[in-house]
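Beneath this line is the structure, given in structure tokens, with notes to follow.
Labels A, B, C, D, E and F are assigned to the chains in the order they are written; within every chain, residues are numbered from 1.
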Amino acid sequence: MNMYGIVSSVKRDYIADLARQGKRVDTRMLDQFREVSVESGPIKSAQGSARVKIGKTQVLAGVKLEHAEPFSDRPDNGVLIVNAELLPLASPTFEPGRPDENAIELARVVDRGIRESEAIDLEKLVIKSGEDVWAVFIDIYALDHDGNLIDASALAAIAALLNVKLPEDEAWTLPEFPLQKKPVAVTVAKINGKLMVDPRLDEESVMDARITMTTIEDGSICAMQKGGIGYFSREELEQAYELARAKAAELRAKLG
Amino acid sequence: MEKPEKLIVDGKRLDGRAPDELRPLKIEVGILERANGSAYVELGANKVLAAVYGPREMHPRHHQQPDTAVLRCRYNMAPFSVEERKRPGPDRRSVEISKVTREALEQVVFLKLYPRSVIDVFIEVLQADAGTRTAGITAAAVALADAGVPMRDIVSSIAVGKVDGTIVLDLTNDEDQWGTTDMPIAMVPRKKLITLLQMDGHFTGEEFKQALDLAFKGCEQIYDAQRQALREKYAIKRGNKK
Amino acid sequence: MNMYGIVSSVKRDYIADLARQGKRVDTRMLDQFREVSVESGPIKSAQGSARVKIGKTQVLAGVKLEHAEPFSDRPDNGVLIVNAELLPLASPTFEPGRPDENAIELARVVDRGIRESEAIDLEKLVIKSGEDVWAVFIDIYALDHDGNLIDASALAAIAALLNVKLPEDEAWTLPEFPLQKKPVAVTVAKINGKLMVDPRLDEESVMDARITMTTIEDGSICAMQKGGIGYFSREELEQAYELARAKAAELRAKLG
Amino acid sequence: MEKPEKLIVDGKRLDGRAPDELRPLKIEVGILERANGSAYVELGANKVLAAVYGPREMHPRHHQQPDTAVLRCRYNMAPFSVEERKRPGPDRRSVEISKVTREALEQVVFLKLYPRSVIDVFIEVLQADAGTRTAGITAAAVALADAGVPMRDIVSSIAVGKVDGTIVLDLTNDEDQWGTTDMPIAMVPRKKLITLLQMDGHFTGEEFKQALDLAFKGCEQIYDAQRQALREKYAIKRGNKK
Amino acid sequence: MNMYGIVSSVKRDYIADLARQGKRVDTRMLDQFREVSVESGPIKSAQGSARVKIGKTQVLAGVKLEHAEPFSDRPDNGVLIVNAELLPLASPTFEPGRPDENAIELARVVDRGIRESEAIDLEKLVIKSGEDVWAVFIDIYALDHDGNLIDASALAAIAALLNVKLPEDEAWTLPEFPLQKKPVAVTVAKINGKLMVDPRLDEESVMDARITMTTIEDGSICAMQKGGIGYFSREELEQAYELARAKAAELRAKLG
Amino acid sequence: MEKPEKLIVDGKRLDGRAPDELRPLKIEVGILERANGSAYVELGANKVLAAVYGPREMHPRHHQQPDTAVLRCRYNMAPFSVEERKRPGPDRRSVEISKVTREALEQVVFLKLYPRSVIDVFIEVLQADAGTRTAGITAAAVALADAGVPMRDIVSSIAVGKVDGTIVLDLTNDEDQWGTTDMPIAMVPRKKLITLLQMDGHFTGEEFKQALDLAFKGCEQIYDAQRQALREKYAIKRGNKK
């Protein structure tokens, strides 16, 4: 299943033709995000939570901390698990059931951004080496899908982590949750040879390919993921990196 | 939390409510872009979202009914909605709740108008504090109205129960856990027709009757709030169109 | 899937018309059960078992006791697990596979009747607090489905519990199985505005709604479950309660 | 049970049987109302129920065969049928037994008479004491006859094995567990055609031949009992019709 | 699904007619295998492995040894687990997904040959009685299916066991892997009343029935499995045994 | 293995390679009988098999596309391919790799030529030492060519990364585990169009550019080896036909 829905061929041509002229259906610039808002802590049953809206796209992320055994090859590391649900609530094309390849890719892209940037100091989450550690579950809940779920999800995840309150548990001895980086994902879509950020759903359904670049505060890259069946040239990738770096700073500012 | 010594002190419940008092209730209509209809309900610490898709073509085709639409309901809890993280995916409890939710709603929907179609109701519990199934039905009924699905009337739903020997309205999680009895109920309030009734715990025949009395009162308040929320939404919409 | 099968519209009208007159297809009274029999202990490989027949409906229940860890929030309680299988043997509409919503509802209604009446004193099933308890598995096996599986299943379950022999296990120190109540479920069907007990399959396929009320010896209610898409008025519920209470006493007498 | 020192003492097995003796066998026909055919078999402590549905229309349609009916078999054990509760649902063992059961029965059924149809055979083991697959086939063959499915002949089934070096008929669970060899077999007894054969353990070529001899004898007894049970059922039925 | 594919009715008649004359499509004798080769140790990430080719049929088997708890009723035995995957790579009729009845039967026939012959001395695999034992995982990977997967799989399994190198693990104290027998499976197909060994795929699609007999060095039988909807007479079974015994010796010689 | 102190000593990697050097590469074409096309790739200690079935009719039919063939890819690891036995069946990692593999290949295949059809690509990792997804894509591209599926060009794939601060080609498992960055990439080498790009770890903008440079060089070598393997196979075939 295509997660980007179907648009009529007339609209498809219209969007592609606009792109050729450097324009977009909603009059945005190619390098312009829709309105972005971050609400911290809407869910009290989670240790941390955040709701992110990018235009009409809505994602909720909740963080739960639980005791767990560490992985046998990482006895001195806490555990990070990212799960994403493309709720049937969010789109007529999403169906109930186990996460499909789109939901799995989404979760894994968010996971790699957090894991590879070492955003969480997992070593601080050890309670007893090799036996008992904190597991950080990040559950991403797509509520309304109007495009660019990846950026919304990654932003909601890091916002939820920033919102984490310490669990009321004797084993918790840290002064605060050991969050040390703020990785931000920016997805660049390619339509008719033009690169643009924050594709709307109708743009996603027309795009040739997308590339998500997750960067940290100093502009370096911690994760990338190309998607879609199209291709990128070398020049396009370098241009995408400049876009991702600039936009990540804007989004990071929303985290407060 | 440890079991408290008493759940009702001086006629007041732990959160200060009278036995026949609802928790604070908030209903928002049409908060999702993609769904054909949606509603958000807060009832105390419960936060529940409902969305409706349809009537739309039923797939796969061999599930189509030639003379009627099919109503499908899914009740689901977010992993972070409860104290201990819930593993994603349906469990036995959510399968049963999905079934009784469908049965609570189906009677009021004019399904025969849409042969071969399906109407999907998706209920997501984002934060849970007892009464999520009734809050879900309350939200779903509003979402169906928001989607423009023709209905005989709106279904309203609430739980009643018994706590420290007293019949109470709208139990919290603590009251559900440490109290005696929980009875979720849904009805068409105007005609007082009951479309969902479950109960577990202990009721004498007399207590059952008292509980029904209280349930009728509670559902009327829910019903008023549902209609008020729909009125506000559509009043504003009409206003905007000028 | 509808678990009640399909009857022709002629038969449907006939049953509905009879109901209006207070009559039934098999000449029973509205408040009359079909013949009910309870056979204790047919299965020797179970610790307890019973076969219940209500008319041509047949249900077998088996009880197994096994060591288990208690649930973390109930360290001082044994574990009760009720499972129901709507065997494809029992009806042309039952299909092999994992329990569907009908089987799950059936199991959960039986479970609540036993659990909420505190029929089993679960605290007596603790071997070592927080570590080792007895788990009571009740497996309900629907063999032949001619209507009213709920009442037959609930009766078979309590009869199987009454039949429990103590396991030959060192950890078992109780003089007997701690069964202290006999909850009995009675399902009342509503057809064409009339209430009746023990619906046959053809009646179930016509009924507007059903309500199951599980009562204990003193007539008080421990569990209820409304099913079907129809509704009940307040008066109907009160009338159903009187029926359930009276019929439960009759069925309980069959338990010996 | 601990492993006993000897399983055969003075030519008698632990339950007193001679090596070539069946356990007590009871076959009842047509004991289920809804199924098109059914049979109940007790063989020693085994209690097995078989039901047949069909020939009926095959769903989903793309599984229909234009020139023949399809035979499907499901062998299943009740959770309470064995010492340690069995988790419900198919496991690798039951999937394999379902397959060989179907292959044991398919040859005798005139499937070509019912194109696009399916015949379902459901076998439920209610109480198990070794030999459940063969008791299931024995029951299924009778249930097929009870359903009026046209067949060339009846299939009969039993196990033979080796215990304390002796070839024995119809092993109990203890004999299966502590003995050397188990060989379930099914055949059309009149023509001596073998439709199921499995074996695990140890046989020399000579022992294999002895085991086959004993299996033929055993299946003949099963066959007689199957026919007797069917005669009784239908004699009574004819009697009733007068 | 039929795992033997479909041949045209012309070819079917041709193969059956040849069989009547004691001949085969590829000019082999009825008692003749195709070319058989056994390659030991192609997979270094396994403790033992082997690739077997029988004609164009190819099977890879890999053995992994892992710590495990023993089964509660066998505290003094290591654990043997045989799994078979009919890879979609190997045949147009094999589909991705959980093992179907053909894959399960294949694995269980191989398992019984090894288990019942006591090819592995499982008692020697105990590290600590009742607590820690070696589990022997044999994974059978069907790579190319041109018939007779059972014999190829059983031969690959025993060849992989023969190839086992000791794990680098402190708990391993045996001088060598305790393999004490070489069971070999030979499958005899019946076509048009004639028995023949090593059926090709086109022969399998035509055969009435098959019988697999697994024998050990002294010619005694440790496992048998009849498959297919046809039947065998007593004489045919005895003839099949003579074939299986003779051919097993030939195949065993390939194990080196 | 313990983390080594250094992964690059005197400009040489632990296995003696220069930073821009591939591991030994072997590509064999058409090694499976039943598949329409197949290829086997060894890259260092990686052993990967790819097979192609199709274009063939798509089942079930409602998945057919009226105007195009559908490309399906399955990447799978053998249980014995890794240090700790991998449980059979798809996991989240293999589902994602299957998706990006399909997206890496789809662009070059002339799918529109085969409406209503499906082309299946099955990739099996028999032995793994980092870089299995890129070796799988390299093998799959050759298998597609071997199957005679019309393609614009061949896709070539390799990983680059950063180890001890140095940009290196074709990481081993040790380098992946103890190094900083892994960036698998696939491209149409002639036109330098990138069809797969993933990365995790750490790159500055400048390092990213260096890594791309190295990836282009590596893919060209892969591309030469792919074409060479295909030439040999088909040269021999043509030779045989004389």
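In the analysis below, a contact is a pair of C-beta atoms (placed from the backbone, for glycine too) under 8 Å apart; a residue touches a chain by one contact, two chains touch by 3 or more.
Keep in mind that what you see is a predicted model, and the values were worked out from it rather than measured.
Looking at the partners of subunit A and subunit C together, the chains they share are B.
With respect to subunit F, maximal separation of chain centres occurs for C (centres as means of Cα atoms). Note: centroid distance subunit C to subunit F, computed from Cα atoms, is 58 Å. One inter-chain figure worth recording: subunit C and subunit E are separated by 48 Å, centre to centre, where each centre is the mean of the chain's CA atoms. Distance between subunit A and subunit B, defined via averaged C-alpha coordinates, is recorded as 32 Å.
Subunit A meets subunit F in the complex at residues 101, 104-105, 107-108, 112, 115-117, 211, 219-234, 237-238, 241, 245. By the touch criterion stated above, subunit D contacts subunit C in their complex at residues 32-35, 38, 45, 47, 49, 51, 53, 56, 74, 76, 78-85, 88-89, 120, 122, 124, 126-128. Subunit F makes touch with subunit A in their complex at residues 92-93, 95-96, 98-100, 102-103, 106-107, 183, 187-188, 192-205, 208-209, 212, 216. The touching residues of subunit A, counted against subunit B in their complex, run 42-46, 49, 56, 58, 60, 62-64, 66, 83, 85, 87-92, 96, 98-99, 137, 139, 141, 143-146.
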